[in-house]
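To start, the structure itself, in structure tokens.
Here the chain labels run A, B and C in written order, and each chain numbers its own residues starting at 1.
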Amino acid sequence: MIEINGLNKKFGKLQVLDNVSLGFNKGECVALIGPNGCGKTTLIKSILGMVVPDSGSIHFDGKDVKHQHAYRERIGYMPQIGRYPENMSIERILTTVQSLRGYTGELDSDLMQHFNIKAIADKRMRTLSGGTTQKVSACLAFMFNPDVLILDEPTAGLDPLASEILKEKIIEEKSKGKLILITSHLLSELDDLVTSIVFMQEGTIKFHLPVQELLQSTSESKLSKAIASVLRQENAFKHATSNQLQS
Amino acid sequence: MNKITRFVITDIVRNKIMIVYALLLAALSWGVFSMEDNVSKGMLTILNLILLNVPLVAVIFSTIYLYNSSEFIELLLSQPVKRSRIWWSLFSGLQLALLLAFVLGAGIPILIFSPDALGITMLLVGVMVNAIFVALAFLGSILTRDKAKGIGMAIMLWLFFALLFDGLVLFLLFQFSDYPIEKVMVVISTLSPIDLSRILVLLQMDVSAMMGYSGAIFREFFGTTSGIGICFTILLLWIAVPFLISLRKFNRKDL
Amino acid sequence: MSRLVVILHCIFVLLMHFNAEAKSLHVGRGQVYSDIKSALAQSAAYDTIFVHSGTYAEGNIEIKKPLTIIGLSYPVIDGKGKYEMVSVRASHVEFNGFILRNSGYASLDDPAAIKLYGSNYSKVINNILEDNFFGIYIQYGKHCLIKNNKILAHGIEEQRIGNGIHCWKSDSLQIIANSISGHRDGIYFEFVTNSVIWRNYSSKNVRYGLHFMFSHQDAYYTNVFSDNGAGVAVMFTKGVMMANNVFEHNWGDAAYGILLKEISDSYIIGNKFRNNTSGIYMEGASRIILEKNTFISNGWAMKVQASCMDNIIEANNFLSNTFDMGTNGTLVLNQFKSNYWDKYEGYDLNGDGFGDVPYHPLSLFSVISENNPSAMLLFRSFIMSLMDRSEKIMPSLTPDNFKDEQPLMHQLNYD
């Protein structure tokens, strides 16, 4: 559904994305993980067209997304830190986005009900706590029944209860056959969600593996441990090679 | 009118600063006209008012508004909306809102007290200056991400065109006072939209006679229909060029 | 004044004397004479010719003896665009109550509606002159009276129209209560002495409302000069009295209320200068007393060039002028005292009616633009008002001695 080919992006001298190629399909729930500043968010923003890559291409359903905008109708995006016009009320934000999308289908208001957004609908965005803002972001991402959900650190800042609600919603949407992209550095959060893992470091893809395969090859039962062991192997290999070079 | 433009306009119109601005313009204009017994004198005062305040408010308000809208722009960008449309909508929204404030504030008294070529020129010039400084604000705010720097640049832009440019002109006049530089000055004056506007309006007034020989050369150029056409074309370029550069930059900007 | 009374008295007595034996001739349809020329031929000196209404196109009419010619109900004398209609070549002629129109347009011999050639004690009164090259033309005239004439033309170019009342090498003329418009110069004086111009209204003339050259010991009172191409010019003259006149609406690149050039020992008193590009422009003027005048809404109230000296400018009102003063030099040899300047911002602590700090009527921009005319480009710009302000607080570039030491706190009432 999403094909990324040889994507490069530099911010000044910093190479944020270095020849990234990836492919995601329907029904997958992909976790994008990696240390801070590895290029996860830039990759996501590139898919959304918010960051313009220096080279490489992104295809959405077989179509190049460069200078396009219509494809975004099919994406729900929940940013890492939701930033909204301060003077708008929650309701205004929701209706504005709805009218911008020209969405006429049935609204998915599950999250709104579970988060009880209605009770605070007339509050202005600047009065909201970080967690509540995240709830609004989540609602916006799911509201229009998109085929693809891109969630940037979705559970950061949410309380455990809300976090659980969101997870359940993600699982529900996955079961409907949607593509879900999640970035997170809390590996434990992802255990029961994801079907495959993309690990990024310094702008490159270290590995892209289905969860089953990852667990098997490292003979671990937990995702976090499996990843840790993969990284250890890599480091050991690196050390070995660098030692070889030095000697 | 598209949804974003409409949204921007309603957002600005509800803004207290805009209401205060329109009321201030209205109070000053009505005040000036009712205090001066002579309409053309009132117009001279209004001219200074327009050429000083309108650019200042236009450039600073637009800059601040753009920086404050960065979240909104980000929100819009994740939606199925064309990039250039976002920028265009913001531009037309700001233009229309400021235009509304100007016309309601200053335009009505001007047309009531001076319903002639002078009043119309004054109004057009005000509208142009307004639009030019909004466009310059778009250019300034796309050049730097930092809000403080951006506002600083806006103030510098205003200061440059309202004051420093004229200082420079004065300096040139003294340096080259032994040469016949009137014609060169015609060209130089087009480099500042404020100067160009001022001269356009002055030439419509009696006081243009005081400009003497240089005034005569100006009238030769700006006084004719084609001259006025050229002037307004230049003013339009002052709107179009900064905005189109900013649009190009916005289309390539990473958010 | 008394001399004037004596002269008038003499004229009156003389006329009374001659009238006793003079006869009357009547011209017009159904009268004894059908045209003016035949009546003239039959007349004797000091006769009176009455011309009844009608149109008389008789080419050039020459008057060679002292006659009184009176038009009844405004008969028309038409020059058909070819002739000088009336040439007066005698003294003691009175020409009264005609409409004179369409004089010739040759430029060489300056045809006029009525021309007085070396005539003394003649009167041209109560006539209406329309579309003539020159209106009333006097050369080598003495003690003539031009009164109550309406002189109207529609000149556009300086070269193609003559003057309304043109006086040359004459003496003791009285030009009273005429209205002149649309000519080159409304009233023109060259080498005319001891004459008075009183209560005339000269407007919308192509060049000057009044043009005055080499004409000493004249006076003009209570005239209105408005909307003339270049205002009024008084040049190369001494001993002129200019009082109670109004100079207004002379707007243009080179228009003045009065242009004073090489004038000395004269008075400018109680005049009003309103809405002129420059109220008074003085060049090479000396020993002029300028007092009790009012300057309102002029571009420059006064432009005093450096060549002027020993002038006294006292007790005038300067009200809402863009600039009160302009000058091209730094040396100031003129005296300003006790004027009222509406731009004065000083104070009067001792309450004597005079401001305690001197007023500097010369603004910085006025000085800059005088030395560097292109700087007028910055007219009304923010930087200029700013510089003017700072100059007012700390004078540095404007001549220090260009000041009124005792500016008045309140406007003088001359209305």
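Quick note on the criterion: contacts are C-beta pairs under 8 Å (C-beta built on N, C-alpha and C of every residue); 3 or more make two chains touch, one makes a residue touch a chain.
These figures come from a predicted structure and were not determined experimentally.
Colleague: In this assembly, which chains make contact with chain A and also with chain B?
Modeller: Touching chain A as well as chain B, we find no chain at all.
Colleague: Taking each chain's centre as the average of its Cα atoms, which is closest to the average over all protein Cα atoms shown?
Modeller: B
Colleague: Among the chains, which has its CA centre at the largest distance from chain A's?
Modeller: C
Colleague: Compute the distance, rounded to whole Å, between the mean C-alpha positions of chain A and chain B.
Modeller: 44
Colleague: Approximately how many whole Å separate the CA-defined centres of chain A and chain C?
Modeller: 91
Colleague: Quick one: chain B and chain C, Cα centre-to-centre, how many Å?
Modeller: Computed from C-alpha means, the inter-chain centre distance equals 47 Å.
Colleague: Among all residues of chain B, which ones touch two or more of the remaining chains?
Modeller: Not one residue in chain B touches at least two other chains.
Colleague: Which residues, counting only chain A, touch chain B once they are in their complex?
Modeller: Listed in rising order, the residues are 9, 11, 45, 48-52, 69-73, 75, 77, 79, 83-87, 93, 96-97, 99-101.
Colleague: In the complex of these two chains, what residues of chain B are touching chain C?
Modeller: Going through chain B, the ones touching chain C are 38, 41, 44, 47-48, 51-52, 162-163, 166-167, 169-170, 173-174, 177, 181-182, 185, 189, 195, 198-199, 202, 206-207, 209-216, 218.
Colleague: In their complex, what parts of chain B are in touch with chain A?
Modeller: The contact residues of chain B facing chain A are 3-4, 7, 11, 68-72, 74-83, 252-255.
Colleague: Note which residues of chain C are touching chain B in the complex, please.
Modeller: For this pair, the touching residues of chain C are 251-253, 255, 275, 277, 297, 299-300, 320, 322, 368, 371-386.
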